[in-house]
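Following are the structures in question.
Shared between the two complexes below is subunit A, which has subunit B as its partner in the first and subunit C in the second.
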Partner chain A sequence: MGLGSFPSTHEHWLGMLGMHGTWTANHAMDKADLIVCIGARFDDRITGKLDEFAPHAKVIHIDIDPAEISKNVGAHIPIVGDAKQVLPKLTREYRALQTDSSRLDDWWNTLRGWQDAHPLYYEAGENGEIKPQFMIEAMHRATQGDAIITSDVGQHQMWTAQYYGFDKPRRWINSGGLGTMGFGLPSAIGAKVACPDEQVVCIAGDGSLIMNIQEMATCVSENVPVKVFLMNNGYMGMVRQWQELFWDRRYSSVDMGSSPDWVKLAEAFGAKGMRAENSADLEEQMVAALEHDGPVLLDVRVAREENCYPMIPPGNAARDMVEAPRGAVS
Partner chain B sequence: MRAADTLMESLKAEGVKDVFGIPGGANLPTYDAMVDAEFRHVQVRHEQGGGHAAEGYAQASGRVGVAFATSGPGATNLVTAIADAMMDSVPTVFITGQVRTELIGTDGFQEADILGATLPFVKHSFAVTDPRQIPEYVHEAFHLASTGRPGPVLLDIPMDLSRADIDYEPRTCPATSPRPRATSSRSGSPPKRWRTPAGRSSTPAAASSTPTPPRSCASSPAPTASRSPRR
Partner chain C sequence: MEAGTPQVVKLEDLHISGQLSGRKHILSILVENKPGVLARIAGLFSRRGFNIDTLAVGPTDDERLSRITLTLDGAMHPIDQVTKQLHKLVNVIKIRDLEPADTVARELALFKISADGASRGEVMQVVEIFRGKIIDVTRRSLIVEVTGTWEKVEAFERMVRPFGLVEMARTGEIAISRGRGET
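Let's look at the complex of A and B:
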């Protein structure tokens, strides 16, 4: 949820935490002596198995809502207040200690080593096949990493969180807590109405988008030129991934098939419909969609059964996270 | 002034520039007033979309997102968005129409207890029982939605009350505590009955024979902004 409040290009950024966070960020928590949590609630998708979360850490928990303190993870030092007021005071006091930052050199070297050994990884697509992760990287290039991105819920949401690289706050708008499929398109309308001069892109899943597709009519009639980049794998992808990994690949009601024809559907609403099927053209098509002055739905056909890694299997500790298999045939 | 017009004035006073929603039977007075409102109304195609649009608006800009829906199915279609805004602490105000006060509790057409249905998912909710409450409730709703831990606030307005003709007093008292002591002229004067458009005296079911005076900033305690119990 808070991606962008700390720039992803900063050398101290380790990546997102949690079930689909980076190996390094999760292992840093696992080995940490001290965790300073600012305005977050140690959600179950962040901690993995709660009993084994950050076993060595002292916890400083800053939150404006006292009900959050020690709700999930016990706080050794609770600070109730507005982060905007607490952080300047905290940093002032910390600087007054005049600590020697070199005492952390070994720790940073350890983290760098982990980052080199365990980067985010996916097998490149062959023969023009569009890998979902590649789609997010292309979206980053096409928008110069400077769009407001709204998202639906599922694999595409996690891949965007992993691969887009948010550098500013209020750029990553998604349903983090409730996990509402169909959130992306209407929230993009709201974001574009609020910030008409910004690029606003909805990264959608095909399972999610159809749940609120009626709002394409709003985009057209109210002249709200949002761009929908549809990661179309013909599945409710995250549910399919769980059925594959944890339910013996017994796929149950996750295949969305090839219906509807998204290009025709966009055109039926009076929007521009486009389709991308080859990785070589993808970025160019995204730029064309962004330059079009009305709403656009770009149907991007991606690899169907790609899984989102790394992953903390449900009920496991963060340190047990599983990375993408290398050289595996997907 | 018609109560629905005081709603528009009150929203304008909060600096509202854009709202989202869909009209229906129970919020017809509100949408009639919307025609002359000085802010933009984005006509969405489903109330859930309007609710999420208000959330996206708030998250992109930091301003309070506002969504309207009518009673019954319009209001229940908002429930997912309200729950979503609660989970992600998104500053939002949801304004629903309600059936006429005399129909509340009778399974009236398009009646739903939206206040009851959303109780676990709101930071606070207001049921308007006197049209003169609207300016203050709007002010408090925006204050509650946007301060402390932000979240969704519901304002439910029965149709007869939004049509009523009332004396409009712009809400000037800051909602932030400490509140002024009970010395305002309003708290001292006897409550007046409001007039329905037909000129009949209205005795809504929700009010006793002597209508409850509106909660004013001078005479009533602040609503508690408690969150639902967790775990």
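Let's look at the complex of A and C:
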């Protein structure tokens, strides 16, 4: 999903775009008069309602695959090529124009105003309850924001994309638009084998992890010390969220029911199993897991019915984005 | 504008180049003559939601290659998207979106027409006008072979339908470019 290719700590980073992207990033697209798209495909999770996406914008689309040009959003200036070669040439041309950057000051001020008024937000957990967003922030601190993170698909994936803050490229490995639950653990094994000196963490949902949990056996038998941080809410959380928001809480097939005892399950594979139930010592346990010499599964019990916000309801335009309710009892 | 021209374009002067041509297109596609190739192409069309009007597959002068001729409605599908997607399949060797003026296209159609004593003569006249061939006859029916462009076959169908068109089978157009050059 491209996160990390532009550092999240940079002052010009507006945050992720799309269905669970930031309010500012989405509204910036909605108001923009020019969009430069580099190697992305304008998929439906980015655009929302396609014919209302970025209504004022002209599009410069750079992609190595000609079939991506004008596939979803029409390109006014198509550039087919390797971004690595195209971008230096483009910046050289642009710099030669010696444009006055102050012409964008108003726009940046608008964006800063939006960022202040519409930050990512969640209600803090009380009495040691671990909010999933807090879990990602703790993971960022425990890994110094410098781990290769793989993920499955769902709420945990979106929260990681929102809250981890990727600063380097190729640190965020997930299956994006393919939406393959169970992707995280095997891809973490691959990442760890390829980059043995890097911290590799698989952030997983309990609905997703169970789909490929047998790969713990690979971790143990091949001695690949990946760390699985399980965001365990006992639900197929993203589907539950949709059923809550759009189907009046008529939950169907989303409660994971009698889940396995994840600690024992890890131990059964010969890996280390740990459990975190209190926000006070979550980060400490994460550090312990990272320092352990071998594969670890850390079962983190998070708030069960937390929703991932902001959100563009399916079929809506970016400007119809819904933010997290404040002070409401959910 | 030439590449490398140091000229600043205005945003409002930028336009998306036309995507829907609005006319029928004939694509001539050279593919490897291997099992499964047609399924891959058909699979691509169904996944992308492209609706094929006609499709004809046959051997070429080179036994390693087959030619697929397919027709598509350019009012419904951006043809360049179709050809770009097809190009991504390894079994596809060459694609040409044939220009109508530089192309000879033909289709074969068989018509079974109910024609008894009274109307048979009239049907036969129509067949003659269209330079069709009667290839089967019974006391109550005729089978007629017609070749020509898609439009000619359509016209013939319109003419004989009132007599009682029992059934019809059409091959879909095949096409080749005019002149000495290869299609």
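One rule holds for everything that comes next: the second predicted complex is superposed on the first by the 329 of 330 C-alpha atoms of A that agree within 3 Å, B and C clash if a C-alpha of one lies under 4 Å from a C-alpha of the other, contacts with A are read in each partner's own complex, and residues count from 1 in each chain.
What we mean here is this: a contact is a pair of C-beta atoms (placed from the backbone, for glycine too) under 8 Å apart; a residue touches a chain by one contact, two chains touch by 3 or more.
Just so it is clear, the structure is predicted and the values come from calculations on it, not from any experiment.
K.L.:
Could you look at A:150 and tell me whether it touches subunit B, subunit C, both or neither (first, second, both, neither)?
P.N.:
first
K.L.:
Counting only touches as set out at the top, which of subunit B and subunit C does A:67 meet: first, second, both, neither?
P.N.:
Both partners, subunit B and subunit C.
K.L.:
Does the superposition put A:124 against subunit B (first), subunit C (second), both, or neither?
P.N.:
In the superposition, A:124 contacts neither subunit B nor subunit C.
K.L.:
Which of the two partners, first being subunit B and second being subunit C, lies in contact with A:33: first, second, both, or neither?
P.N.:
second
K.L.:
Quick one: name whichever of subunit B and subunit C touches more residues of subunit A.
P.N.:
B
K.L.:
Could you look at A:218 and tell me whether it touches subunit B, subunit C, both or neither (first, second, both, neither)?
P.N.:
first
K.L.:
So subunit A touches subunit B in one structure and subunit C in the other; where do those two contact lists coincide?
P.N.:
65, 67, 71
K.L.:
Considering the complex alone, what residue numbers of subunit A touch subunit B?
P.N.:
Where subunit A meets subunit B, its residues are 1, 63-65, 67, 71, 148, 150, 170, 173, 175-178, 180, 182-183, 185-191, 193-195, 198, 200, 212, 214-215, 217-218, 221-222, 224.
K.L.:
Could you please specify the touching residues of subunit A with respect to subunit C in the complex?
P.N.:
Contacts found on subunit A: 33-34, 58-59, 65-67, 69-71, 74-77, 93, 96-97.
K.L.:
Can you check the complex and tell me which residues of subunit C touch subunit A?
P.N.:
6, 8, 11, 14-16, 19, 78, 80-81, 84-85, 87-88
K.L.:
Quick check: in the complex, which residue numbers of subunit B touch subunit A?
P.N.:
18, 20, 40, 42-46, 48-63, 65, 80-81, 83-84, 87-88, 148-149, 227, 230-231
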